[in-house]
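Heads up: the structure comes next, in structure tokens.
So that you can tell them apart, the chains are marked A, B and C in the order they are listed, and the count of residues begins at 1 in each.
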Amino acid sequence: MITFDAVTKRYPDGTVAVDGLSLEAPTGEITVFVGPSGCGKTTSLRMINRMIDATEGQILLDGVPVQGIDPPTLRRGIGYVIQQAGLFPHRRIVDNVATVPYLLGWDRRKARARAMELLERVGLDSALARRYPFQLSGGQQQRVGVARALAADPPVLLMDEPFSAVDPVVRTSLQDELLRLQAELNKTIVFVTHDIDEAIKLGDRVAVLRVGGRLAQLADPKTLLSDPADDFVREFLGRDRGIRRLQFVSTAGLRLRTDLTVEEGFGGGTAEPWALVVSADGAPVGWVADARPDVLEPFGTFVHGRDSMRSALDAALLSPSGCAVGVDENGKVVGVATREALDEALAEAADG
Amino acid sequence: MGDGPPSIWEWIARNWDTGRVDSIRNLLTDHLTMSLVPILLSLVVALPLGLACVRWRWLYQPTSGLMNIVYAIPSLPIFMLLISVTGLSQTTVIIPLTFYGMAVLIPAVVDGLGSVPDHVRQSAVAMGFTPLRRLLAVELPIAVPVVLAGLRVVAVSSISLVSVGALIGQGGLGSLFTRAYQNPFMPPVIVGIVLIVALALVADGLLVLAQRLLTPWVRARKGRA
Amino acid sequence: MSWLIAFFDWLVEFFGDPARWSGPDGIPARLLEHLEFSALALALAVLIAVPLGLLIGHTGRGEVVVVVSANLARALPTLGLLVMFVLLLGAASVWPVIIPLVLLAVPPILVNTFEGIKGVDPELRDAAYGMGLRGGQVLGRVLVPVALPLILLGCRLSAIQVVATTTVAAYTGLGGLGRFIIDGFATKDYARVVGGSVLIVLFALVVQILFALAQRVTVSPGVSRRLKVR
């Protein structure tokens, strides 16, 4: 656990970057620091591994003040990922990843073996290990950055806007990858971003900081969205807060109808205005309207029980039928969520 | 003072304008000629060559390789080899110095034009500049700071290099050094060094001034930051 | 084109004379001297300039020293400096000549080492510290390898300077290949002048080739980006 105890950072010229920050980043969770530029989020992060030293107050790592630890020793036990990855251009990828193991005096062969294992873990082809950083794309470099931070298996990981320099598609895949890794590794992660959507997606807890380095709110994403502490947080969260909150409502309780599906090659004529055509192996094919049985209309799917209500609603809006198709993990249709069923679930979500 | 060796000031006063070819004044004039001609000549040659290297990229690699070699060759043996062609004249000093200047300026021109941001070039194209007007009105002005930085290097090193020419009797102020060595006497050495460094500083200062006048936007941007 | 024929005759006369290839004024001896003086001056300059450049680049203190020395070294006339030191210290040993050689060789290495270290991407420095490298390790394992192309460029420029100045220094009594030029010129023995000049030009070119090779061997392909992206 990382504890901030009334931490203040004041620079000689009088600017206060962080002002009396007190919070805890629990073990095994992702704590996100988010806020506009100048809110001291990066400064706060960098005080944990003493890249910057606090002026007042203290930061504890599992109860031990970091101030008492020699900075290089402290840093070797904390993974650190930064925006441009900061890979060493003169070293091959495998040696970049093995940097901290080498520093810790590991045997060269063992360090390299560990590096290869991590490259695979972050989803990189082992053929890339022999390359130099300039031969990799931005997204690949960022994955190497994460692998490098994990190399000595540190319990704590500090990530300073690690995904902000890559394009949105790559960013999304890196975020998913991080969540997948975290499910396996259970690190204590502190993650800094200026992107509230990223914070909500990744954070177990989100600390919203305001300019001047003061904590505005610390909460889990769902609470943050439903119950912002003040106007600053509300404005920072932006519009469609309600829709985004649906991300945290499960579809497990969503009522599905199984009587609206028909086999492929079906001739028409049910009592319902819409029917879902399903292939022989159970995959959805399209909607047919009662009036025009020969025209397949588009459909949207969600994984029942795993995806959020936001996905279900989105799936419903993709189809002229107004219904969302619930599928299982293998993509087989398990049932259809009608407008009525969605309505019910939304009403429940609004209450809770 | 009387019988002792003359002080520097006395020596200067006595030798400033004797009417002979080796008066300090005449040496200064020679020195200026032999350094200014290569500076201007190398600029005049380097500009079109640099432009050509930008226009036809494949030219740059061999050109810059050649210029690297030229730059690495010491001046004295080149003066000596040229004597058999151009004799003991100022030309013998001017030709190699021009080549050294080109070795610095061609890359400077190429880098300068390379420093034009792509969006600037693109928007000039989009606004309908013809290639020639784009070069004259947009790209060259933006390249000026880099080219002038190269020119400063060329000016200062040409002024100091001329003095090696003294070893073939064409060194401008450099002759003060050979004179002082043959007839061991310190004042001419001091005067020579001071005058050459002073000339270099003046040339450098003039070029800094030229840059400020030619590219006012560079300073304005610095002032704001 | 008569000068070309004369030129060729001089070369034959110089290189074809068996007496040229032995004795204290022979080509091998002079070549060795030139190499010794150049190498000594360059080595001393590297020993002074590289640590100083690393220190100034790493700490960011003393930048003015670097800029002033670079400009001054370019402006100072080598011949004047050589004559001044010999008149001041006498010509009893080679040191009055070696000192100005080193003085002129220091600034190019100093300025390029400094610029090389200063120019390293701050993110890289940040990552290195963040991973727990100590100050010396950051310098030795990250900054120097990344700045190596510029440090070597500085050494190469210095070598050019040293080879040229060693030649000129023959005028103030130093041995080396410059002797052929100075002595030949004084005695109007143009075969000697031309032969010596050609030797020096070749010497300078070989030095350049050696530096290019050293660059290939020591600079990481990740820095020089020599490898093709596969």
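The rule we apply is simple: a residue touches a chain if its C-beta (ideal position, glycine included) is under 8 Å from a C-beta of that chain, and two chains touch if they have at least 3 such contacts.
It should be emphasised that the depicted structure is a prediction, and the values quoted were computed from it without experimental measurement.
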Any chain that touches chain B and chain A: C
Furthest chain, CA centroid comparison against chain B: A
Which of A-C and B-C has more C-beta pairs touching across its chains: B-C
Geometric centre: closest chain by C-alpha means: C
Separation of mean Cα positions, chain B and chain A [Å, integer]: 59
Computed distance of Cα centres, chain C from chain A, in Å: 56
Cα-centroid distance, chain B relative to chain C, in whole angstrom: 21
Touch list for chain B against partner chain C, complex: 68-69, 71-78, 80-81, 83-85, 153, 156-157, 159-161, 163-164, 166-168, 171, 173-174, 176-178, 180-181, 184-186, 189-190, 192-193, 196-197, 200-201, 204
Of chain A, residues touching chain C in the complex: 49, 51, 71-77, 80, 82-92, 99-100, 103, 131-135, 148, 158
In the complex, chain C residues that touch chain A: 121, 123-124, 126-134, 137, 141-142, 145-146, 148, 220-223, 225, 227, 229-230
Residues of chain C defined as touching chain B within the complex: 3, 6-7, 71-72, 74-84, 86-88, 160, 163-164, 167-168, 171-172, 178, 181-182, 185, 190, 193-194, 196-198, 200-201, 204-205, 207-208
